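Next come two complexes built around chain A: one with chain B, the other with chain C.
Let's turn to the complex of A and B:
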């Protein structure tokens, strides 16, 4: 009994950390720019294919993990300059345009890599003993990596000058501009960071899933829910959202058929949004 | 979030009754041309083409209901395909349990009612509260609702057929000897319903309700100030759009097969693309986008599909950035150029 509970707790933590990783880039872009990036799932997918490419050519998974945020960050640069910056006052049009960006990325990957599925070899196969249960090492590592990235992001936002500029811009764009912060450059920067985080998440997730051009879409609705349930614009809220959605998934999945459990958790998220549109943690 | 977002920065469309005879002709001619095309099409085209066009008309009807929602309530649903799916499954399931004429009419009625009622239920939660949920949040919620419905349809396989979808249900019948099978009968029904709903909507949008909605979209605060209950109006528009989407889904059923893909993000994305590329705020643009793009995609099938979708993505970005009026806007510009 104790072993079952422990397994479920670690499962919940693992799923929560994965969801937080995936939602992080979305949260940065939504929180700092107020832009809902519907291409997020496809940036995530592009990160996976970067690993597929690098692992195929250079034989190293970790090199792929390093390359993914660079490649996807560069794509983010192009998307912000080419599309998003022109739609600053048209939030709904930003959604529509980033939907187009998503289609372009997805079909572009299909064109380059084919529509078939790829497999990324797990760099750390095997289990490690956690008390009475044996748990996959790589999943445990992902929990640690999620915590580390969250910490780094928080440090960067709250302890460095660029982070301060971004927060100033978030609070009041015009006043920030009056104090010599270039909102245009800050926005570009935030978008690149968000995209790079999406790519990194994709790279880290690639050994756990079957990689295909449509893989990101599966996570899109849940990633959105993690961001909005917790509350936009706060890292703590993101953690809360991840724990609620991830923990809820595990808990409901233990009692119900997994498909229905997924549906139930999304339903819960919609209900939370209806009563607390600003999120639970603000 | 207390204001509704303006979906695009197009100037207000105020229909002014044309005065001169020449003006009137320019207004009437396009309608006559389109109606003539719809009548002539089944007489001239092959069975295969007529079957496709029937399907594309149902897509057009769906895109039009999304346009209605965007133009008059300032709401863009990212899961609008779900209402189409609801309508299709409603009719298919009704026919499975109650074949025959009665089941057909009951199924169509239920498709419209369930479409409207589900939209009304969701809308009452989102628009009538103290904190109105609109804009991008409405987009995320509709996306999630579609995902939920898809999961339920896939998971509840004893009732819905799961991921295989439903097939082999009774053929719908309009009258004891009039089955909705083959291509001509479904085409006539679908085209008739599309025409009726289009002109019905045009009439409704010209009424006091429609004009209040337009006012509310242009300046929500002032509209509320003069006593227009914005949330209630959004609710009405969402319900109407849900009913139309449900009917469109039911009209899709004579094809003989419904699948959970109708609830998927890909299908809902298509609906948005049809609406945007066809031309927002025009009603008819949804049909133009759905039929035009679907015909092109069918013609280019095979190895070109990926390249074609890539182009559609690029086109979507370009239209949103630079030409928010879409194909209908282009048509209008050409007409103006020809006239002057």
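Let's turn to the complex of A and C:
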């Protein structure tokens, strides 16, 4: 019994950390810029393919994980300069434009890599004992990585000058500009960070899931749910959203069945938003 | 010079240009409408193909296009169908029911295709089947599925459960283990397949210790895998569509369960294996109506053509091969016809046989599915497929008959 409970707790933590990793880039761009980035799923997928490419050429998974945020961050730079910055005050248009960017990425990957699935092997196969429970090492590592990235991001936002500038811009764009903050540069920076985080998440997830050009879209809905349930624009909200959605999924998935779990988590999100439209942690 | 330019300018003012453009646009259109009825002989036969080039079955899209196009090329090189060349129109269904139905309606209503070849996911096929029934359009299905579709104008080279799931179950009970756990996508193919697999396993002397349904787009199978661990079956038999199936196998391996169970399947073919590592793939036993590794002459010739046309990396699975088979069956049915007619082709298809890369196909006229071979193969440590057993000429049990 204790083992079962412990397993479910670790499962919940594992899924929550994965959801947080995936939603992080979305939350940064949504929270800081107010841009709903529908290309997020495909930036995530591009991160996966960066690993496929680097692993194929250099033979190292971890090198691919390092390369992914750089490559996808660079794509983020191009997308922000080329598309998003021109649509700053037109939210509906950014929605459509980023959706289009996503399609371009997806079809581009199909042209470069073909439409078939690719393989990214687990770099750390095997299980490790957590008390009475044997758990996959890689998943435990992901929990640690999620915590580390969250910590780094929080430190950057709340303890450094660029973070302060971003938060100032978030509070009041014009006043921040009056104080000498270049909102244009800050926005660009936020978008690159968000894209790089999406790429990193894709790279880290690639050993656990199927790698193909159309897989990103699966994660988009969940990532949005995490961001919206937790509350837009707060890291704490993101953690809360991840734990609630991930935990709910684990519990309902284990005690009921996965289809009902899907519906139950969606219901939960609707109920939360009915009573806390701004998200739980706002 | 200058004056003549002016005259030209005034003669072709904007209004005239618009009028001209309108006429130019309309004339070929009405022309084609007229000739279609009056002198159809010169027009090509049009095939509408519904293929998932995007969505969860993306990896099968190109393979289906290869089969379709190679079949069409061969028909055209041999003089076409009833003396007319064949033209292909492809629509992407994205694995989505709405898009599939719209594609079917467009191909039939707007493009006036003569028959439809295609569909992969069962949800799309079932909906397209109903849509095509309205116009009694000839429809050939390439995908193995749960059966239960019968219509005078519907033919399937796709295998029925007794041509895939049943032989797989019998082989698995004999060679892999007695207790089975099913994990299936929560829709018509998954549930229909489990419905067929359960009695097959039990009839062969096995037992079912668990069954489980997961929604489309499941990316985390932790809960399911925990329950499999607790049930400790000998064999896991997944019916999980598209990319979710690969994710399931990868995670099964991550949690260390892959080493404790055998896996048998009817959906893990040569197109799926590139996504799996050797440790995950090796030892999986699969039943299919076609593999690239089949050693017959027709298959070797086909693969040579495919690689010459699409490159050495080109892969094809049973869906793609059946797109080809469907074209060849229509060619057989059209043999000796002076004029294309839907009913003559349907009558021809009811008696058609074709011996191709996947082995001999013969229409079972009671349900218009094909008598065909089932091949059981094991994935080797180098991820190649090794043929274990061929069950020859299995008659299709579609679960329905033509009334």
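Simple rule for what comes next: the second predicted complex is superposed on the first by the 282 of 282 C-alpha atoms of A that agree within 3 Å, B and C clash if a C-alpha of one lies under 4 Å from a C-alpha of the other, contacts with A are read in each partner's own complex, and residues count from 1 in each chain.
We take it that a residue touches a chain if its C-beta (ideal position, glycine included) is under 8 Å from a C-beta of that chain, and two chains touch if they have at least 3 such contacts.
Computed from a predicted model, the values in this text were never measured in an experiment.
Partners chain B and chain C clash in the overlay (superposition on chain A).
Residue contacts after overlaying the shared chain place A:156 against neither chain B nor chain C.
Applying the stated contact rule after C-alpha superposition, one finds that A:62 touches neither chain B nor chain C. In the superposed model, A:267 lies in contact with chain B only, and not with chain C. Using the contact criterion defined above for the overlaid structures, shared-chain residue A:257 touches chain B and also reaches chain C.
By the document's definition of touching, both partners, chain B and chain C, reach A:115. Once the two complexes are laid over each other on the shared chain, residue contacts for A:104 go to chain B alone; chain C is not touched. By the touch criterion defined above, A:93 lies against chain B but remains apart from chain C after alignment on the C-alpha atoms of chain A. Of the two partner chains placed around the shared chain by superposition, chain C is the only one that A:209 touches, whereas chain B remains out of contact.
Overlay on chain A, chain B versus chain C, candidates 9-17, 45-53 or 243-251: the clashing stretch is 45-53. Shared contact residues of chain A with chain B and chain C: 106, 110, 115, 214, 217, 257, 259, 262. Residues of chain C that touch chain A in their complex: 53-56, 58-59, 61-62, 186, 212-215, 217-220, 222-224, 226-227, 243-244, 246-247, 250-251, 253-256, 271-272, 274-277, 279, 313, 315. Within the complex, the chain A residues that touch chain B are 36, 38, 83, 86-87, 90-93, 95-97, 99-104, 106-108, 110-111, 115, 214, 217, 220-221, 224-225, 228, 257, 259-260, 262-263, 266-267, 269-270, 273-274, 277.
Considering their complex, residues 1, 5-9, 70, 74, 76, 78, 125-126, 129, 131, 133, 135-137, 139-141, 143-145, 147-148, 151-152, 154-156, 265-266, 269, 272-273, 276, 306-307, 309-310, 312-317, 320-321, 324 of chain B touch chain A. Here chain A touches chain C in the complex through residues 7, 11, 14-15, 18, 106, 110, 114-119, 121-122, 125-127, 134, 136, 138-139, 207-215, 217-219, 222, 249-250, 253-254, 257-259, 261-262, going by the rule given at the top.
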